[in-house]
Every structure is written in C-alpha cells, then in structure tokens.
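What follows is a group of structures, each given as structure tokens.
One chain, chain A, appears in both complexes that follow, with chain B as partner in the first and chain C in the second.
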Partner chain A sequence: MRFVIIRTLRAFLTIWGVITLTFIATRIAGNPIDNFAPEGLSNEEYNYLMEYFGLNESYFVQYISYFKGIIEGNFGFSYFSFQPVTEVFFSKLPNTLALFGYAFLVSLIIGIPLGIYAAIYRNSILTTFIMALAFTGYAIPNYILAIFAILLFSFTLHLLPTVGLETPYHYIMPVGCLAMSMLAGKIRYSRSAMLDVLNEDYIRTARSKGLSERIVIFKHAFRNASMPIVSILGLQIAGFIAAVVLVEAVFAIDGIGNLIVKAAIFSNYPILQYGVMLWGSIVVLATLLVDLTYALLDPRIRVN
Partner chain B sequence: MFSILNNSELVKKFKKSDLIIKGGLFLLFFLILVAIFAPILAPYDPNSTSLLARLRPPLGFEKFKVGFLLGTDELGRDMLSRLIYGLRFTLFIALVGSLISMTIGTLIGVISGYVGGIIDNIFMMLVDIQIAFPGTLMALLLISVFGSSITILIFVVGISGWENYARVVRGQVIQIKNEPYVSAAQVAGAKPRRIILLHMLPNIASPIIVLYTFGISNIILLESSLSFLGLGIQPPTATLGSMTGLGRDFLSSYPHICVLPAIVILLIALVFLLLGDWLRDSLDVRLQRK
Partner chain C sequence: MKIKKFVRNFFILLTSISSLSLTSFANAVEIKVGVLNLSATFAPAQSHSNVDSQFFVNMMEPLIGKNAKNMDNEFGPMFGGLAESYEIHPSKQIIDFKIRKGVKFHNGDDMTIEDVLFSLQSMINVTDPIRTERSKEFFGNIARAEALDENTVRVITKKPDFLTELFLSSQQSMIYPKKYLMGLTGDPDIDEISDYRAFGLAPVGTGPYKVTSFNPRVEIVYERHDDYWGEKAPYDKITMVRIPEAAARVTALINGEIDLATNIAPDQLATIDNAPGYKTTGAVTPLFHVIYFAGAGYDRESDALSGGSKTFTKELRQAMVSAVDRDLLNDALWFGKSVVPSTHSYPNYGKFYTPDFDTFSYDIEKAKKLIKDNNLEGTKLEFWTDPYYYTNGLLAAQAMAEMWKEIGIDVTIRTTETWASKGEPGSWGYNGQMQNWSNPMYYADPHGSFGKMWAPGGAGMTRELWNPSIGMEAYTELYNEFRWELDPEKRNAKYGEIMDLVKEDAFMLVLYQPFESYGMREDLHWDPFPGHIPYVLDFRAGMFEDDRLN
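== the complex of A and B ==
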C-alpha cells in the first residue's frame, strides 16, 4: 500500500513539475501579447487583451489562477480565436485519434505476429527480412517515408490523394507511414519477450510432455509473453507525439499535431501549455498504471 | 576515457565485422570529411542564386545543365553545394548538441549516483519530468518562446535526451561505488572529484560513448524535423531539414529538390545508428533499465 501511495504521489508531483516548467517557459521571455499583437494596436485594445487573458497580474498571481483554473477544468483561452483551449483541442481530436488508432491497430496486427514468428524461427530467411523491416521502420524518419510514399503513390502511380482525410483512400498513406514507425518497436519487443519465455523451464516441460508445438507456442509461451508486451505497448503509445506531428504536417491533416505546430509558430501559449500538459499526463499515468500493475502481480517490486 | 577509442580490441572486432558495418563506417568517415572540407568541395556558394539556371534536374535527366551535377532549386541555387553545406550544418548541430546533453546528463547522473539521498531523489524527479516532456514538444515550446536561431536550436536539441545519460550513468555509478578500487581510493584520502574523474568515469565510458552515438542520430532527426516544420534555422541558410521541408512544394514536378536532402538525412542518421549498434555490441554494453 505504501508503494502505491508513494508511486502515485510521485506521478502527480511529476505532472505538477511539467505544468510549472511549461508555465515558467512561456513567461520567461516577457509578455506573450507583444509577440502576436498586430502593429498599431491602440492602448485601449492592448489593455483589454491583457486583462482578458489575465496577463496584467503578477506572475505569482497568474500561476495561482492558472492552477485554480486547471482544478476547475478551465485551461485558458486561445490567444487568437478566444475559444476555450479544450474546445479547440476537442474539435481537432477526432482526426488525430482516427489516424493514431488505425495506425496502432495496423502495427499491432502486423507487428506482433511477425515478432513471434521471428522468435520461433530464429534462423529462417523470413526472419532476416522481418528484422530488416524492423530496422528500416526504426531508422527512416516517418516524414521522409511519407515524402517517398507521396512521390510513388500519388505523383508516379496516381493512385492515392496527397492531403486531407476526406475519403477512406486518404487514410492509407498517413496511417501506413505512422504504422511503419510503430511497427519497429512492436516487432522487436514481441520478439524479445517471446525469446525470454521460450527459454523457460516450463516450455521445455510442455514440449517433453509431448504437446503439439502449436499448443506450446500459443497456450504456454504467448500467454506468458503477452504481459511484458502489453506493458511496453502502453508505454510506447506515449512516445509517438513527434511521429503524429510530422505525419499530420506532411499530409496537411487538421489534427492536434498541426494545431500544436501552429501554436508554436504563432506563440499561442495556452494551446501549447495544454498540449504539453495533456501529453505529459498521458505519459505519466501510463507509466504509473504499468508500474502499479506490475507491483500487483509481482510482490518483489513492492518490497524494493 | 579516450583509451577506449584506440582500443586495439575494437580494431580487431572491426576487421571481423560485417560488410554492412564496414561500409557504414566508411560512409560515415566520408560524410564527416565532406562536412569538414565543405568550403573547398562545394562548387558554388550555397546561397548564390541564378535565374537562368532555375529548377534544373540532376545529371542523367532531360534539361540537365552542365556544371550543376545534382541540379538546381527554385532559385537556381546549386543543389550539390547546398547539400554539402546542409550536411555540415546538420552535423555541427548534432555533434555540439549531443555534447551538451552528454555533459549535463553525465554530471547529473554522477552526482545523483555518488551522493544519493535527497539530491538523488530530486534529480530523478527531474528525469521523470523530462521523460514526460517529449523532446519535440519541448523544442516547439522553447522555439516558440525564444524564436529560432542557431544558438537556440543547439540549446534546444542539446537539452533533449540528457535524461538517458543521467539514468544510465547513475545506475553505473551506483554499481561501481562499492568496488574495491573505489573504496581503496577513498581510504587513500582521494577527494570525490578525483575519484569520479580518475576512477569512475574511465570505467563507465563505454555506455556513455554508445549513448553519445545514438544521441547524435536522434538529434539529427530532431533538428531536421524541426527545420522541416519551419521551426529551425530560417532560410536562406541551407539545412537538410529545411531543404526537404521547402522542397515539398515542388515534389510533383521537381522532386529532386526535396528527395536529395531527404536521402542525405536518411544516410547520415542511419550510419550513426549503425555505428551505435556496432559499438554497443563490440563494447558489450547493456542500456536497458532493469
């Protein structure tokens, strides 16, 4: 129980740290209004903007009221559209979620069987091919992959559209490129998890009992390997913000990634702050969940 | 620390290594030489424009213009010269950037592991925060706040990735803290600074070198993706990422403007990855967290 409390406290402390650092970073360079205010803004309008966004208070007061807002579910307003930040985010969320979800699913369906195959048949030619695929997916940045894909499928073969997400055809290239960068990890991790399990004594026992290889692999080995695979997948989801941002940029998809990049270009800090906070919280909570699940299943961790 | 670099065993292992590794390392050596001697090798000034020679394709295509081996871009700038200078720039940022993250990370890792206690807790908390704060997002935030210049870009890519060094170095320091040779130095009255610099760092140099190599590869990708998004160094300065990003507009009719820098990014990131992989196996380093 002590472990759970300490671990949870640490997770929330981390989220607090992320929020605070983001806040400091956005205030350190001076008044954000100066960055985006158009030329010839009258004093009156300037003061109105300052008051509207609460920027005329001292930094400490701003910090306190920012936290108060977070607790009340008010994350600030976009400097440009004056809409609540959450509203802006949720309007872009469906595109990103669809893209991410499909890519994750595709990489799961392809990656895990390939990883398992590579673990079972360690010396086959197909395994060499699979590991080469994993290395390629890991080594080629997905925006470069996307450029090559556009060049081949859109401009040379004239098969697929290049921008947006209007029809199912529009999804093929962005989802493919995103899935490719997720594939590498899935193949590598499921392979190494399977390899670990296949060396265990109970697998030898199962084989010596005369069970068929299929039952040994799927009932004995895969079930035991699935736990580490699932936990690593959970942690991996968190690492894909960069991939999403770039794929959305190349295919001009109106999602969270493009929103964040635009916010960065135009110094729209409330959007950036919310994006960082959201992503940081996802990472921290995913890690926490994995750690707690492990502690629940493995008493040794709780003691240490 | 540098004894590891002229390690004769490493040379032996290199002689025995695959053709891919050998080819990769030679390519790396070649690219570094090209970057160093860019002013001599580049046939033109990378930023000088020529309206009469705009949008020419590379050698072997129709409308190729003699003197522009890899063609020209939309302003008539020589692609080869821009690629050479872009490579120089990208490599410079990557080498300096990962030097920064190595220094910060190693320092924090050593202090954290050696001193322990509350300082260790605070530093590990910082590592946790950094992990929850992906490099790309932090870079976007900082560039948005401070604007984009070379100094900012190096700083931004430099502070991304320090947490890897900190975590690994801390683990290593804790592991060797109770080794007899460290205790012996302590008993002999050596100061912590001397123990860390002379006794500990040489013994944990291998994982740091491996991380540094992977770090360069990561930073090349981070820098080029930022430049690709238009948040890196501003035009007309040639960087591989911004050449790819701006060339995207010409992808349908003049693909070489976009594809050539993309291929160079791919190659350079790949050879550092290969080098890192090979060093990891040859120096027998384990980087995984328990």
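== the complex of A and C ==
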C-alpha cells in the first residue's frame, strides 16, 4: 500500500512540475495578442485585449489564476476560435487515440510474436529478416518513413490517400509509420528478454521435467520475460506523443499533435498549456500504471 | 511454423487492402480543395486577413454586388447583392436600398429589413475590440442606417465618400439573421460579444452555399443552399481542407484526393503539369510583398544596427532601397511571372490606378554614392523574416543581402516562426530591424492597401514603423486631402504627392506582386478573379466551368 501511495504522490508532483514548466515556457514563447489581434490596433485596444485575456497581470497572478482554473476544471478558451479548450481537445482526441490504438495494436500483435520467434529460432533466415526490420524501424524517424511511404504508395503508385482519416484506407500509412518504430522496440525488447530467460536454470528444469515446448515458452519463459516488455509499453506511450506530432503534420490529420503544434506557433496559451498538461499526465499515469503492474508481476518490488 | 504463416497472411491482407482502387472518392457534383491556410472564424468583422477572406463569398452576401470578373470596380444588383436596386443621392451622403424580396437565410428564416438594419448597426456600433478596427475602417464614415419603409433602408454617411459602395460590397457588410445570432448565447434579446464569437463558429448567411460543417483551421464543408434567391449553386458540396505542406498538397492533387490545390510553389508547377489529367493556372495576386525599416524617421538608436550607422538614417534607407534589383529577383525567384510595380498602386484600382508614378527604382550608382558620401559603409543590421510565411520570402531576403553587400552594408538574416513579445528584440516591428511584410489590397482603392498600412492610424503607423519627414500633422493633412477628395484627377494628384514622400523617406520598398499558382484537374476551368481581394475561392454559379457538371 505504501508503495502505491508513494508512487501516486510522486506522479502528482511530476504533473504539477509539468504544469508549471509549461506555464513558464508559454510565457517565454511570445505574446499571443501580437499573433491574432487585427492589424492597426490602437494602444488602448491592445491594452483592452491584454486585460480581456488576463495577460496584463503579473506572471505570478496569471499562474495562480491558471492553477485555480485547473483545480476548478476551467481550462480557458482558445484565443482564436473562442471555443472552450476541453471542447477543442475532445473533438480531436478520437483521431489521435485511433491512430495510437491501431498502431499500438498492430505493433503488439506483430512485434511480440516476432520477438519471441527471433529468440527461439536465433539462427534462421526469417530471424535475420525480422531483426533487420527491427533495426530499420528503429533507425528511420517515422516522419521520413511517412514521406517515403507517400512518395511510393501515393505519388507513384496512387494506391493510398494521404490527407486526413476519412476512410479506412487513410489509416494505413499513418498507422503503418507509427507502428513501425513501436514494432521495432517490441521485437528487440521481447527478443532480448526471452533470450535472457531461456538461459535460466528453471527453463532447463521445466524442459527436463518433460513439459511440452509450448508450455515451456508461454507459461514459464514468457511470463518471466514479460516485465521488460511491459516497461517498453509504457515508454512507447511517451514516445508516441512526439511521433504523432510529426505524423499528423505530414498526413494533415486533425488530431491532438497538429493542434499542439499550431498552438505553439501561434502562442495559443490555453490550448498549449492544456495539451502539454494532458499528455504529461497521460505519460505520468502510464508510467505509474507500469510501476504498479511491475509490482503485481514481481512480488519482490512490492516488498522492497 | 504457425508464426511464419501468420506473418505471411498478414502481409497478404495488407497488400490486398492497399491495392483497392481509390477512384471512388471522387463525386461528380462535389469539389474538394486543398488550401494552405484555413479560417479560424466567420465572425463578421473579426475575420479580415488574407486567410479569412477566402471563405466568405460562397456563403454570405452584402447589400451591394461587385463584378469579380474584371478590375473596373463595377457595382450593381446585376452582380448579386441583397439590394434589388439602390440609389445614391447627388450629395453622395445618402444611399437608399430597396431590399430584395424572397431571400431566405440558410436556417430557413426569411430575411427582413430588421436583419439588414441589425447587421449594419452592429458594424456601426461595435463594442468588441477584436471587431472595432474593421468597424472604424469600413463603417467609420457611416453615421447611421434607418428604415424608410418596410422595404427600404437608408444609409447616411458623415462625409461624401467615393468608397461607400465599395465598403457596402465587402464581406464586412454581410447580412446575417438577427434572431439567430442573438439567440446563440446568453440573453436572446441582446447581441452580446459571445453571440458574435459563437456565430463565427456556426455562421448563417444568405449565399448560394451554406456552411454545414466548420472545424476551425482544419476544414470547411459547404452544401448547396436550395432556397437561394438567385442562380443555384453548381456543386452539391464543397470541402475545403487545410493541407499546410506544399508537397503534400501536390501529392493529394495528383493522387486524386482533391480537385484543386492552392498556393503551388513555382518549383512544383512542372510536377503537376507533367501529371496526366492535371494542370496549373495562376495570376498575379493583388498583394505586394514589401520590406520595411522599423522605426524609420524616428532615428532612434537600436541595438539591431551597428557599424557605420546606429540609426536608420534617410540616406541609409534610400541607398538600400536603390540597391535592390527587383527585376532580377523576379527573374530568379518567380521565373519573371510576378509583377514589379513602379509605385504602390494596383491595376485593380480602376480610375485610381497610377502606374506612371516613379516611386521605386533600381539605381546602384546612386546607392553606392549615398553610402560613400554619408560614411555608412560597414553598417551592420538584421533582417527578420518568417521562413515560411511568404512564398520565396527567405530566398528574396538572402538575395537582397547579397545586393546590399555590394554597397557595403552587412545584413544578417534572422528567421523566426514565433515573434518575440512586443518591445523586445526579435519582436514584430522592433525598432532598427528590417523585415518583410505584405501590403494586400483589402479593397480596390489606394486607401484599401497603402492606406491600410501607412495612413495615419494605419497598421504600420500605430506600430511606429514610420515617422514622416514632413511631420505627422502635415502628413495627416495631406493624407486626408487625398482620402476625401471627390474629383478623381485631383485625388490621384494628391496620391502622387504621398508617393513622392514615400520615395523621399524610403521607409519601405514594394518588391513585387507575387504570381500565385493553383493546381487542378484538367476538366476544371477555374481562375482567381481579378475583381476579388487576394486568394478568394469563388464557386458561385457562372464563376467557373467544370466539365463534370455538363
């Protein structure tokens, strides 16, 4: 229980840090009024707008009211469309979640079996191919992969659409590009985790007891190899956020990544603050979840 | 072995899905346009940028129609508009409008004289600071609007003005439904600021197309307004989707995902022209790319300037303006397709077009002499630009830096996508910086472009980019004489005096009118219209041809 409480407190402290750093970063980035106010504003009108959006206050006062707003669940509204920030976000969240979900699923379904296969059949030709695929996926940034995919499948072969997520076909390239780097990580981690475990004494014991190879692999080896795999899943959620920003930009997808980029360019503080806070919280909570799963899988962690 | 089989089957499945034809995306009576930028709101008088202005014409209408097909500033009911006739009194201070009957808004409400009065009055008496600029500019000279009878509206101006017709034909004078707007938020009997903000996201007008879906800065979907009073819209549906990357727009076009792509960079034209079934078209846009010297005439020392001069002296500015070979820039960057003007004037001004003025000219010898005579050699300064905002903006800056090097001025190019806060180095218009900018034609009159930026109270003046050498008071007097002069010849002569001052003060330089290209399907015959402000995407009946519709 103590373990859970400490980890949870630590998670909330991290979220508070994210909120504070985002606030500081947005204020350094520039004044949003310069970006969206009509040209030719008089000084009085400029000052009125600063007051209207609360930007005339000291940074400390702005921080307090920002923090108070978060506690009250009031995250402000977009400086450009005047929609509530949460409304803007949740209208775009499904696209990003769909991208993430499919990419994660594809990488999970393919990556872990391939990693296990590569560990069991270390010297086969297919393993060499799988590992080459893993290293390529790891080495090529997914936005490069995205551009290459567009060039091949859209520009040259006219097979796949490139803009948005209108039909199932639209998902193929962005999901493929996002899944590629996740896939690479999962193959590599699951292979090395399995390799470590397969050399353990208890595996030899299990085999010597005459258990079938299927039971040895999936019941004895995979269960023990699953911890490093779980930790890579948590890390991939964090890495996904950086990846999705670029992939959404290349495929002009109306998602959270694109929204955050636009908010950063136009100093749309409320959107940017909420976006970073939300994603920061997701990462922190995912890490917390991984920690708790660790404890569930390995009683030694709970005890220590 | 099972894993091997699974992997093989998965790839077979993926390949099968990919190989399905995508031609089914096209629809015979729909058009999809890939645009560089997309509006954030349709709120009346809040949207006025080059970006926002592209999207009004299909769905909103003002009282007065304007001929978009030529540059002559022709107005009248035959070009549309919600007045079936109007009469300008000889005093040029009163216009009486007979309101068109049988006009329905997109929400099904009938347009009444109350809606017309409300739309005009809400522009005259704006309280929202985001909208006051447009109000001052377009309705600043309008004293009031009143009903003469149930079918006639009288608009009375404070002074006689050439531009009243022009103003009342602009997007700022669009007519919208009073009841609908007031009922959007708060008290349904009061038009609150929040009503206009909400309207900006759910606009309702009278135009041939209605907005059925609007995702700010992402996508607009228009559908035909079946109850439109005039000739029905040719398309069932228009989708405008933002595709910010130039290469992605071109790919989406050639891939058959969109029918028309805007803002095609010159180096992408051949790609489209060589693709079977696609073509490019284009025109010079009524927009000037300019450069300016922030704080010109204030002669304040700046940390952005050092070496031979710490201020933008008049001689330094004159030398730098004279050293820019704009024809060379046009040839090298625009393949000779942009237009290099001799002065700040557009052909679209009709009788107020003044191409004979010699305001900007290349004279390298004069530039060198000015530098030498005034010991300005070795002056170091910074030129700030957003690397992406203007087509060829960064390349032009780099080329000009080389030209200025030739006369002994050392210019460092600084790029930024996010300007610093006002008053800080690297902020927009920071004293002592050079920058690029555009002076678009917001409406077809010198006051609608030069005036917007450089009239007393204009965008450049409120930011203290230029302090006229004749003094602000004398400049204000000169400008007002031009602004309110009713005789075209005398008005042009006054504008000539202003252009002489521009030449003398050399606070800015007009580079060129860029050539903007569009890529499209070969069976679509659409061109940008010379009578529109820049970038307007007009898909009303009679404005284009699409072979699919025949």
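The criterion applied here is as follows: the second predicted complex is superposed on the first by the 267 of 304 C-alpha atoms of A that agree within 3 Å, B and C clash if a C-alpha of one lies under 4 Å from a C-alpha of the other, contacts with A are read in each partner's own complex, and residues count from 1 in each chain.
As a working rule, contacts are C-beta pairs under 8 Å (C-beta built on N, C-alpha and C of every residue); 3 or more make two chains touch, one makes a residue touch a chain.
Predicted, not measured: the structure shown is a model, and the values here were computed from it.
Looking at the shared chain after the overlay, A:Tyr294 reaches neither chain B nor chain C.
Judged by the touch definition given at the top, the superposed model places A:Ala252 against chain C, while chain B stays out of reach.
Touch criterion met: A:Ala242 reaches chain B, while chain C stays clear of it. In the overlay built on the shared chain, the residue A:Pro161 is in contact with chain C alone; chain B does not reach it.
Contacts of A:Leu272 after superposition: chain B is touched, whereas chain C is not reached. In the superposed pair of complexes, A:Tyr117 makes contact with chain C only, with no contact to chain B. When the two complexes are overlaid on their common chain A, residue A:Phe153 makes contact with chain C while staying clear of chain B.
Once the two complexes are laid over each other on the shared chain, residue contacts for A:Phe80 go to chain C alone; chain B is not touched. With both structures placed on the common chain, the touch criterion links A:Phe3 to neither chain B nor chain C. Note: residues 29, 150, 154-155, 249-250, 264-265, 267 of chain A belong to the chain B contact set and to the chain C contact set alike, using the contact criterion stated above. Taken in their complex, chain B has these residues touching chain A: 125-126, 128-129, 131-138, 140-146, 221-222, 224-225, 228-231, 244, 248, 251-252, 255, 258-259, 262, 265-266, 269-270, 273.
Chain contact summary for the complex, chain C toward chain A: residues 3-4, 6-7, 10, 14, 17-20, 22, 25, 34, 40-41, 46, 48, 129-130, 132-134, 137, 194, 197-198, 200-201, 215-219, 241-245, 248, 251-252, 254-258, 417-422, 427-428, 452-453, 457-459, 462. Residues 10, 13-15, 17-18, 21-22, 25-26, 28-29, 138-141, 143-144, 147-148, 150-151, 154-155, 238-239, 241-242, 245-246, 249-250, 260-261, 263-265, 267, 269, 272, 275-276, 279-281, 283-284, 287 of chain A are the ones touching chain B in the complex. Chain A makes touch with chain C in their complex at residues 29-31, 33-35, 37-43, 45, 48-49, 52, 78, 80-83, 91, 110, 113-114, 116-117, 126, 150, 153-155, 158-164, 166-169, 172, 249-252, 254, 262, 264-265, 267.
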